[in-house]
Amino acid sequence: MSTVMNTTNTQAASPPDARSPEYVQWLAQIQRRKLLITASRIGVLAVFLAVWEVLARTQVINPMLTSYPSAVLPTLVDLFKTGDLTGHTWITFKATIIGFAVSMVLGVLIAALLWWSGFLKKVLDPFLVIANAMPKIAFVPIFYIWLGSEYSVYGMAVAISLFITIMVVYEGFQAIDPNKIKLATTLGASKMQVMRYVVFPGSVPAVIAAIKMNIGLSLIGVIVGEFQSSSAGLGFLIVNGSQVFKLNIVMAAIVVLAMLSAVMYLAVTRLEKAVQHRYA
Amino acid sequence: QTVHKVRYEEVVRSVLYVPMYAGLKKGIFKDEGIELTMKTSQGTDKGMAALLSGSADIVLIGPEASIYVANSESPVKPVVFAGLTATDGFLLMGRKPDPAFDWNKLKGSKIMSFRPGSNPDIFLEAALRKKGLDPKKDVKLVNNIGPAARTGAWLAGQNDYATFLEPEASTLEKEGKAFPLGSVGKEAGMVDYTVFTTTDTYLKKNRAAVQAWTQAVAKAQKYTAAAPAAELADLVGEYFTGVSKPELTSAIERYQTLNLWKKTPLVEKEAMDKLQDMLVQGGVLEASKKVDYARFVDMSLVQK
Amino acid sequence: MNSPYRIHVDNVSLRYFTLQGETQALQNINLSVKPGEFISLIGQSGCGKSTLLSILAGILPPSSGNVFVDGSAIVGPNPRIGYMLQQDYLFEWRTILENTLLGAQIQNKDMAAAEKRAIGLLQKCGMGDYLHHYPRQLSGGMRQRVALARTLVTNPDVVLLDEPFSALDSQTRLSIADEVVDVLRDEGKSVILVTHDIGEAIAMTDRVIVLSRRPGRIKSVHHMDFPSTGGKRPTPFEARGCPEFNDYFNVLWDEIDAHVEG
Amino acid sequence: MSTVMNTTNTQAASPPDARSPEYVQWLAQIQRRKLLITASRIGVLAVFLAVWEVLARTQVINPMLTSYPSAVLPTLVDLFKTGDLTGHTWITFKATIIGFAVSMVLGVLIAALLWWSGFLKKVLDPFLVIANAMPKIAFVPIFYIWLGSEYSVYGMAVAISLFITIMVVYEGFQAIDPNKIKLATTLGASKMQVMRYVVFPGSVPAVIAAIKMNIGLSLIGVIVGEFQSSSAGLGFLIVNGSQVFKLNIVMAAIVVLAMLSAVMYLAVTRLEKAVQHRYA
Amino acid sequence: MNSPYRIHVDNVSLRYFTLQGETQALQNINLSVKPGEFISLIGQSGCGKSTLLSILAGILPPSSGNVFVDGSAIVGPNPRIGYMLQQDYLFEWRTILENTLLGAQIQNKDMAAAEKRAIGLLQKCGMGDYLHHYPRQLSGGMRQRVALARTLVTNPDVVLLDEPFSALDSQTRLSIADEVVDVLRDEGKSVILVTHDIGEAIAMTDRVIVLSRRPGRIKSVHHMDFPSTGGKRPTPFEARGCPEFNDYFNVLWDEIDAHVEG
């Protein structure tokens, strides 16, 4: 048995107790850099908030137009205490997840169909290109008309995210190394088996990539939908707040929205990392 | 007593519709056997769309939409069955207080209005005409700013005059950013501004529900007419997230003094004729396309 | 039909059609392989070696001519023929054992028996300790051994190897060649090896077939005779040390070189 | 000189006059398939239009809400004849190009800065993640307030497309094979030279990928901006048409918008192909 | 300082620091190369061969010890040292000539003169007809020749080669080795070659240095003596045919194999 292992992991580095002084110093330096980064991040945020506050307070910028941190924070706390904020956030989140789930399922199914039938793909290609390139937002004024107030929020979410999902997943299917398919074929696999054993499991990273785009787009769709017609949700808070010109409410809602989107994004990124590790 | 389940949409969230919120909070609608879900459709066009597409049963929108649709190919026709506001609630506001304000001072100025063909714009034009001003020549009406962006545009220093609804009007006044100079509604005359609208098919099938609704509206109007502003403000406060009690109270007071809220749900023929004249003058309706009152208004339930 | 040959290629030609034109990849190939025989195909890049293997594997029908396994024509993928590609193409999402079982799964074999055989094969290839590892945890040589086990799990009679070691470094290559030949001889397979490495062809196979440049035709056939050590053919590594090796090498080098251009 | 060429191109296929009957037959079959695909595409479009027309005409769907092809077409022709449509389209297109150009330039500059200073990248990372994940559409109601009617359209376009541009371009910079950089370094290249000779020219495909996303997003931003405030442009046509229930105008504008977006997309795709060929 | 050695490695050690721990990659390496001498480094994967080349190229400072070119210490990338990597890393967006000129451009050399030299080198490497081609139009062997010309264009005295042929197929490899040695000897360079291919080390270089497994130490040094043909060392291809080749091969194989594990 004389094969050379390329994976470095298997050959462990020196045990930790054998740390040389230079290494200890190097580690300390790394640690300092980490701290510095964290401090700088906090600093950037603090400077931003301070500048905002001061400019608004000294009326260099119109506080009515921008609100200011010390007004937004109590609003946030208030809204949170009354449970309003949790409710609105939950409604937006739920709609996003529903829109997301629908367009993922539809997207993967349609992508599979297109993969299965090259002819169908060819026929539908120009329509897909147009549907994908089209700013779906243009349908906002009439989407509502077609789907009604109940479903237009989901509809917008699906409309915005469906086509890109189809494209990304289909491209994932296409990107499967043809040699893997050839391998399965030489073993006698039918098209169905190729799909089941090679294409589907092999496209998990593409599906994750689609999820990553999709969830953000669904959220956009939901917000747009809520702008249009709603009785609750973060989009509703924003549009209503801006109509009665309560910029502190608008800002509070935007802050929560930013957090919601960042959390969803990070969750998917974590999933992506896990999968990428598996598919390395 | 039978329960009527109604899907309701209001055009925007506004102090203009306080009688409706008061009715809801007072339990008047519930007492009439109505169980409703409410949404805000952000625009008369969207409210009408919700109605026509069947996703709403009753909507509170401007009557002009029903006139447009009566002229269209739509197989479903909207029916106005009760009124809520007596006229336009917009206030004309300027950058400085002016006790000696005269509408003629508007000549040559830029006024921030709403989209062409929309109710607020039609009413403003009518008011200007009444005051002897040609909306096309004597003033520059700015109507390309989306509803959500108007206050910002004003604060950013654009335009000389603007129209605002409550509670922004009170808020802006308090901040010293804008001062009320006149009421658009008062000048334009008593022409119903927002009305409860349903479809012919819904009315046919659910006459009892619409009847109950009309009665509830009437009761709510009666209650609102008698209630002091502070009491109303307390009652409907929860519909106005972020608006303080004093702001809300002053806004309600203003509308009370302007007699904005109808005392009964009756929408009169004269008012609708006047509206159609305004639409024709505004260039959004052809004179030949005026619609018969009976074709889009049904006051039979109010009369009961 | 009864045939003394495991594989018989009868006057096979193949033309590829593309919008740019047609390409004659193979022309009148005649070839036979006896049970247990190891042969190799060499020739310059693009001369049709992989094309011929694809035809034998039943995934590409010849334009004319026929191929037979034990006398019966090949018309599609055939469980009697195993194909091992240049790279291992292990599925990243399957463990080594699951990868090895792919063929059995596709052919709806009895999975319990297949698993037993798979484990046996992996052990034979020295991969017994890695059954539940994932491909990413293995070195190139180890991965290629798993690919061999995967090819053998459905017990084909013929194994086609398309440059199986070209992705490995030279040291690994030399040692794995010995092992692969060992396993394949032990299992009694017939083998067709495609390689660019003349030395590999000489050391591993009994017969080296040189293809001409495109369209691929059989240019010459060379029998590799080595003095047997202990009644057996020397291992590939030993063969490289034999004086015959250099002679064969120079003959084949000239044979190929003469037809290669800058 | 005895190297084996791997490029097949250099070894020409048989001359065309030597076509075998089988090949001629194969070519004819390909041709038939192409025709069938084109026919099917036209068929799909025709069926779609016919169903739309019939459903609207028979009032199965409310024609008031959907208009119908035979009403949209004359509107298109009319609008086109009066020159209105060209004007509106031009305005939208121009705004898109401006927004696009601004965010490309900014995006590449910022990405370069982040590449240059790993520390800055680390510090700004969480802010970028949030900015990127955030549905920029939520700013629509307040963007106008901040930027005014003139610039809010461009502002929206830039806001929507800037962060993704930074990310895609930065990832492109990062994806440069470190060995290429190592090569330049062993030749004595300074960081500036590495940027100039390796990173910038090597990231052209990434920049193209960014352009591809960017142009579509800028168009979305412009439409959203025009919804909010405008006196011309396709977004204006759509929102104004829907205001007075002129669905034929809305549909006409949407059709033009679809064509505009598809044309821009295809133009970038063509550019991408050309570059990919060069960077193969 | 005046030194008889072109390259002198004086007791060099290197530890890599990562968050996982520290890795001793090289330990007390001492090594000298005379002008015009060709040496090679072999040893198992991960034993620090590339690390040593990086130190010599001045892009990685040693943890302790020093390296000198002609007696002066190396403290950073040095124009006297050329480094040729395992793959060609030609820039797709530059023509062959532009690629070759990269070093001259970076070092702000006189570009007219550099272009003349580049064309001369490309011609010497047999690439004179491809000056304005793009890398994608060339085969692997041709690309590696361009990489050689690029390395030589700034006229370094020492050339470091890190597995320069491992991406090529074996036939191409054999022929390009001859050419590269030819060009390098002709230009009078000193050469340090890293390879996994024992045969390549034997055939191409005068001295083969075997590194132990990690931490890399010099395990043994072997001088390759071949009977000279016509006053010159045999070409690599010829060397492979010499009887000494097999002997050296077996010695080195054992030397390496003994230290490799599955």
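Note that the chains take the letters A, B, C, D and E in the order they are written out, and that residue 1 is the start of every chain.
One rule holds in what follows: contacts are C-beta pairs under 8 Å (C-beta built on N, C-alpha and C of every residue); 3 or more make two chains touch, one makes a residue touch a chain.
Values in this document were obtained by computation on a predicted structure and should not be read as measured data.
Engineer: Return the chains common to the contact lists of chain D and chain E.
Structural biologist: Looking at chain E and chain D together, the chains touching each of them are A, C.
Engineer: Of every pair of chains, which is linked by the largest number of C-beta contacts?
Structural biologist: Top-ranked chain pair by contacting C-beta pairs: A-D.
Engineer: Between chain A and chain D, what's the gap in Å when you average each chain's C-alpha atoms?
Structural biologist: About 20 Å separates the centre of chain A from that of chain D.
Engineer: What whole-Å value do you get for the distance between chain B and chain C if each is reduced to the mean of its CA atoms?
Structural biologist: Averaging C-alpha atoms per chain gives centres 83 Å apart.
Engineer: Quick one: chain A and chain C, Cα centre-to-centre, how many Å?
Structural biologist: So the centre of chain A lies 47 Å away from the centre of chain C.
Engineer: Return the residues of chain C touching two or more other chains; collapse runs of consecutive numbers into ranges.
Structural biologist: In chain C, 45, 126, 142, 169, 171-172, 175, 257, 260, 262 touch at least two other chains.
Engineer: Can you list the chain D residues in contact with two or more other chains?
Structural biologist: Correct list: 1-6, 65, 140-142, 145-146, 227, 239, 242.
Engineer: Among all residues of chain B, which ones touch two or more of the remaining chains?
Structural biologist: Answer for chain B, listing residues that touch two or more other chains: 45, 49, 52-53, 148-149, 151-152, 155-156.
Engineer: Which pairs of chains touch each other in this structure?
Structural biologist: After working through each pair, the chains in contact turn out to be A-B, A-C, A-D, A-E, B-D, C-D, C-E, D-E.
Engineer: Which residues of chain B touch chain D in the complex?
Structural biologist: Chain B residues touching chain D: 43, 45, 48-49, 52-53, 65, 68-69, 72-76, 115-118, 144-146, 148-149, 151-153, 155-156, 158, 284.
Engineer: Chain C touches which residues of chain A in the complex?
Structural biologist: The touching residues are 1-7, 9-10, 177, 179-180, 182-189, 193, 197-198, 201-202, 204, 278-280.
Engineer: Can you list the residues on chain D that touch chain C in the complex?
Structural biologist: 1-6, 8, 11-16, 18-20, 22-23, 26-27, 30
Engineer: Under the touch definition given earlier, write down the residues of chain B that touch chain A in their complex.
Structural biologist: 7, 9, 12-13, 37-42, 45-46, 49-50, 52-56, 147-149, 151-152, 155-156, 167-168, 171-172, 175, 177, 240-243
Engineer: Where on chain A does chain B make contact in their complex?
Structural biologist: Per the stated touch rule, the residues are 62, 64-65, 75, 79, 84, 141-142, 144-151, 227-231, 236-237, 239-246, 248-249.
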